[in-house]
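First the structure, then my questions, so here it is.
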Amino acid sequence: MEFFVTLIQVFDSTIRLATPLLLACLAGLYSERAGIFDIGLEGKMLMAAFFSAAVAAVTGSVWLGLLAGIASSLALSGLHGLASITFRGNQLISGVAINFLAAGMTVLVAQSWFQQGGRTPSLFGGGRFTPIEFPFAEAISTVPIIGPIYSELLSGHSILVYIAFLMVPLTWWVLYRTRFGLRLRAVGENPAAVDTAGVSVVGLRYAAVAICGVLCGIAGAYLATALQAGFVKEMTAGRGFIALAALIFAKWRPWHAMGACLLFGLLQAVALRFQNIDLGGVVIPVQVMDALPYILTVVILAGFVGKAIPPRAGGEPYVKER
Amino acid sequence: EPALIFDLGGKFDKSFNEAAFNGAKRWADQTGKSYREIELQSEAQREQALRRFAEAGANPIITMGFGMADPLSTVAPDYPDTKFVVIDVTWLDAPNLRQVGFAEHEGSYLVGMMAAMASKSGTVGFIGGMDVPLIRHFGCGYAQGAKAVNPDINVVANMTGTTPAAWNDPVKGSELTKAQISQGADVVYAAAGGTGVGVLQTAADEGILSIGVDSNQNHLHPGKVLTSMLKRVDVAVYDAMKAGDEVETGVFTMGLAQEGVGVAMDDNNAELVTEEMSSAVDKARQDIIDGNISVVSYYENDSCPALQF
Amino acid sequence: MTVPAIELKGISKAFGPVQANKDISISVAPGTIHGIIGENGAGKSTLMSILYGFYKADKGEIWINGQQTSIPDSQAAIAAGIGMVFQHFKLVENFTVLENIVLGAEDGGLLGPSLAKARKELKELEEEYELFVDPDKRIDEIGVGAQQRVEILKALYRRAEILILDEPTGVLTPAEADQLFRILDRLRAEGKTIILITHKLREIMEATDTVSVMRRGQMTATVKTAETSPQELAELMVGRKVLLQVDKVPAQPGKPILEIEGLRVIDEAGVERVKGIDLTVRAGEIVGIAGVAGNGQSELLEVLGGMRPGLGSIKLNGAPLALSGSGSDGQARRAQHIAHVPEDRQREGLIMDFHAWENVAFGYHRDPAYKRGIFMDNAALRADTERKIEKFDVRPPDGWLAAKNFSGGNQQKIVVAREIERNPDLLLVGQPTRGVDIGAIEFIHKQIVALRDQGKAILLVSVELEEIFSLSDRIAVMFDGHIMGERLPQETDEKELGLLMAGVAGEAA
Amino acid sequence: MEKMPKWADVVLIPLISLLLAALLSALVILAIGESPVEAVNLMITGALGSTYGWGYTLYYATNFMFTGLAVAVAFHARMFNIGGEGQAMLGGLGVAMVCLYVPWPHWSIALLAACAASMLFGAAWAAIPAYLQAKRGSHIVITTIMFNFIAAAFLNYMLVNVMRPKGSMDPATARFPEAVHLPTLHELLAPIGINFSKAAPANISLLVAIFACFVVWALIWRTRLGYEIRAYGHSETGAVYAGISPVRITIVAMLISGALAGLMATNNVMGEAERLVLNSTEGAGFIGIAVALMGRSHPFGVFLAAILFGFLYQGGAELALWTSIPRELIVVIQALVILFTGALDNMVRMPLEKLFLGLRKGVE
């Protein structure tokens, strides 16, 4: 029974840790499916984390904060689009630049705005996303098995968590069941086919990059205003890169992306919960547990995933005439 | 003109460096004078900053953290007329050096006692930043204090990580706090820089008590932070600046006796600290000062009697 | 006289310093098939891409059905009733046929109804024009011929009244080509206007009503097909007299050089591509392998060239060749004097971003002749390149130019020069003249025959029956991984080979 | 025919891009209420105005040359090695072991051994991702990211639990013996009468780095292996046709890349700190990516880009020293430099090409 409780808690933690990854991963999915590689997920999340927290702190409204976060992330997306779509620049370089830009700008702006050393004031009350309790969560929490699953695991997350997970079927539906999705996938595979079919490659790619910006914006806002109560510099701590890894892991497919993000979340949750495991006298050093999620990722990747083939036109600017 | 060199964490780390900054600011505000400062960005800048300030005639030059020990040992002899002050280093040998160490384990011992007394569950938590000896040193004192109050107490200790990102990952701090809560902890002590912000926040959200570190962090969540383990870096910096180029050199350890470490008591936590707690803490403080209680330092033989890392 | 369906007036287009089209005017009557011929790089594709809105002209006007029309993008072209089948298909490889057809012509935000409607219309179109394709197959699962039908269906689905086909038969079998021309006839009969670009004079003569000739970005002549001859067209195109037939003396086959027994090839996906074939190539003869693309010829060539593993036995000069593991790669094959002109020069035979002189070493870069100490002897390599460029008349004769900056025909000359000049015992040649113009074809064929006359063995794979006939001393036909039979060129005809290629065994070998 | 003279492509465009980046940086500096002129002045005098400034600029540049070359070599084989950071950390471990546990009679022998060890360790750390990419198709980008994290944990374990001298609180190894002290530029240049600043950490590793640039250049453009690496990088099908084994090239290129990243440790660990500290790489592995991209993967380009980034680092340090500009400003400037010279260079190129084409037409 105690094991079960622990399990629920680990899964609960998994969901919280997987949410930002999932949002960023889906963001990357839209962009890369359209043929625009994006290693700037990290930077966009960071920028959004800062602006959502800053605006929420100033206005006291987390929703305004969310909007600001999305807007700032969108601005970086626009920059990425400008560099990689309009000016056909190198998408990797643009992504690297965006990561640097966000790392520097957030602290710089925070410092001249709040003078708290690159931090925003702590958020409270309406400045934060609060957990949503499902109906009857309290009532059935004592029912064995179902109770804890319903009231602890499923209920009690911030709205952004539910949005993130709803984005998965939505993304699947958009990608495979709508005109937009068809065109989006096509433009990542063969932009010339889209162009000659009378559809604007540039328009589609900007749309994809914009969706990417919105989702990264939500991811950043989730970090700063739902999981935490404010912005701290570099608070994304490499999650954008992990999301990228998850995306490749998932071979650019939405349901698999969810699986990959949950797996990464789970590995982290497990590593957090079980540090210093004592195996009959031999203590596993904490560093091993710390590295465990990464080691396991490599093992899984090597053992079970096989070759991941990116969208064919990915990373290449669409050039008609040189 | 004095100069102050912050460690890599940056001057607004809400703890160690920020305490130094506060001390310097207090001195500047009081005297109306100015000082030079730099936030280090890379290892190679340590020596660079020392030399540049020394050459520019800054005196004394106050530096933060054990990372400065090595560069100081080469730079200090080159500028015999400049006084250097280093915080958290006590093992160097140079005539123009003021070395200030803190007995963090003693302060941690006291907050450990308070944690154990405040705990109803019999489990208390410790969350460190990057896994380095200094942080183990904190955790070790804390565990000893807790066990002194309640020998059966369960002390859960976690480190946030192994990279410098461990100092700035409040999300992970938050998850660790939740993990510790699920293991029964109802008081957590955060010695983790920026990560601690997440620890204190989550503790407040989840309705358990937390303990801040270095600076007085009680005000961050009034009524929810049990206390803070004060490390009076601000005092050390202030004193050094006040003494100016006359500052006394040598090795100084600031323990409870010198009020270099302590526990923070203010309006914000007044309701949380019982009569019993404060008297027990007062007694223990005196006992430590008098030598009746000896708190083992992790440094003595790289291990802790009360906690397994 | 009726209003022209298409009228282009003074179209000019430059790509940077290259003037691809210079002041071109042309008028196409409705309900006709209008041919355009011209050497590689003459500007045909560019002109048509401008008409289709893929490129924007620098100058000039486009008139459709007597109305001046601005075509800034393909959408406008589609709206004006223009459809185009590009030289390099514009299909999404991992989409189904249906998805490719619907792409860009959906009616509504949801895919389901669009696909259902397209499926229905497709059926009608298929029946009307005999354009059969399985709508649910993915593009990379169907052959090039089917892919082309998809492209045509795409245009028809968009209700094109004017259809542009850019070198449509380059990848088709004779039967497929014939079928295509039947379809074009039917479309013309319905009053649709067709522009047909091709290199093949025979097709122009057979299919078109009018023909325009382009040279170096300019329109040099427009004539009624009935009033011209292939010879005249060839001269208009190239600007000099050309030989349309390879002339060669009868072969004098010597000892067997290559002996294949029971060769099987299984590809990465586990599909058996070559299902046990026996074949011998002798010194001093050219053996041509005919067949529709995708029947195992490519894999056969690749095993011989060391590009993939195989099962069975292959002997070269009597000694067995390794078919897998070490000693079976391209380096080993070259060391054994097997040279290989691969089917796809751009993906295999050349590194497009390398200089010509670097490409001259490609595959032979470990040759001691190009070595100096631990380094490559680039000076020797460049000298060698200069010789080859001169001998093979590569234009422009500049070894420092990147491969991608040569025209397709000249790229092919570089590959052929590299391989033939090695003086190999066995030369493997895949599609030596695909997409290459008449002048270059003539030259490359001569070189291959010359090598044969030096007593070397040559194995030729081509989907062009004409080429197979004019080069081979013996013809083997492959179908579905088997050799359906061997024939001597003088004792067979296109019809019999066509049947063999279609898997109809006849009275087999 | 080219659209533009070569010099315009190689000199003019980067220069205009840099100017744009500088302009935007100036606006940022203005926005935070400081004087751009003064800031630029400080950066230039601080980084290039004295042998002292040069000493630091070159020290940082040395690090970036190594990691930039590492990324560049992998790029030539069309692989994106994000693992320079981890490989450099491991290189540091190799250097530390060699310097601490073997008594060396002279620094020159120690340097050779340290080079060998750092290359070995760096290459070893790249070997697993390389093998997995070649044999199992595991994406090199993910595996190298993961190996950065694993390297950090491993190094932390080694420093905290194994290599830390007894009683030291610093998670670092002991100081290396005096015998393995590498000559600094001061010591190298003094005999020939040049008085180079004594304080700056630039050391003989700079020459190693420059040598490495030459070796990489020769390797990539003059040897058969380099030819194969480039061929494979441009076209995998082409490589198979030519009998170049993709597996072999993938592994060899990554080993070389890892070795180069590892080699960085001779500079920062052996040359500067003279002991191994946690986080001694300080993100140089990531800067290496920017350096390689900006240098267009050519060793000479890498060399120049490394110096540019060295300048930004040192100039930024001076800014932080003498003004109250937060250190993050430098990060922003770096970002703008990368953005304009790397990702937005077509913004400058396209109008310039038109201009040159117009000029040419005018002449004809």
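The first chain written gets the first letter, and so on, giving A, B, C and D; residue counts start at 1 in each chain.
Definition applied: a residue touches a chain if its C-beta (ideal position, glycine included) is under 8 Å from a C-beta of that chain, and two chains touch if they have at least 3 such contacts.
The structure displayed is predicted, hence computed values, not measured ones.
Participant: So which chains count as neighbours of both subunit A and subunit C?
Facilitator: Chains in contact with subunit A as well as subunit C: D.
Participant: For which pair of chains is the number of C-beta contacts greatest?
Facilitator: Top-ranked chain pair by contacting C-beta pairs: A-D.
Participant: If every chain is reduced to the average of its C-alpha atoms, which one ends up farthest from subunit B?
Facilitator: Taking each chain's C-alpha mean as its centre, the farthest from subunit B is C.
Participant: Could you state the distance in Å from the CA-based centre of subunit B to that of subunit D?
Facilitator: 36
Participant: In angstrom, rounded to a whole number, how far apart do the mean CA points of subunit A and subunit D lie?
Facilitator: Using C-alpha averages as centres, the distance is 29 Å.
Participant: Determine the centre-to-centre distance between subunit B and subunit C, using the mean Cα coordinates as centres, and give it in whole Å.
Facilitator: 75
Participant: Give the residues of subunit B that touch two or more other chains, as numbers and ranges in rising order.
Facilitator: Those would be 10, 131, 162.
Participant: Would you mind listing the residues of subunit C that make contact with two or more other chains?
Facilitator: Subunit C, residues with two or more chain partners: 16.
Participant: For subunit D, which residues are shared contacts with two or more other chains?
Facilitator: Only 149, 152-153, 156-157, 160, 326, 330 qualify.
Participant: Could you list each pair of chains that touch one another?
Facilitator: Those chain pairs satisfying the definition are A-B, A-C, A-D, B-D, C-D.
Participant: Where on subunit C is subunit D touching in the complex?
Facilitator: So the residues of subunit C in touch with subunit D come to 16-18, 305-307, 329-334, 340, 342, 344, 347-354, 358, 361-363, 365-366, 371, 374-376, 378.
Participant: List the residues on subunit D that touch subunit B in their complex, please.
Facilitator: Contact set of subunit D toward subunit B: 56, 59-60, 149, 152-153, 155-157, 160, 164, 166-172, 175, 199, 201, 268, 272-273, 275, 277-280, 282, 313, 316-317, 320-321, 326-327, 330.
Participant: Under the definition above, what is the set of subunit B residues touching subunit A in their complex?
Facilitator: So the residues of subunit B touching subunit A come out as 10-14, 18, 131, 157-159, 161-162, 165, 168-172, 174-176, 178-179, 182, 194, 197-198, 201, 205, 220, 308-309.
Participant: Please name which positions on subunit B make contact with subunit D in the complex.
Facilitator: Touching subunit D from subunit B are residues 10, 36, 38-39, 41-45, 47-49, 51-53, 66-67, 69-70, 88, 91, 130-134, 137, 162-164, 299, 302.
Participant: Could you list, by residue number, the parts of subunit A that touch subunit C in their complex?
Facilitator: 176-183, 185-186, 189-190, 192-200, 312, 320-322
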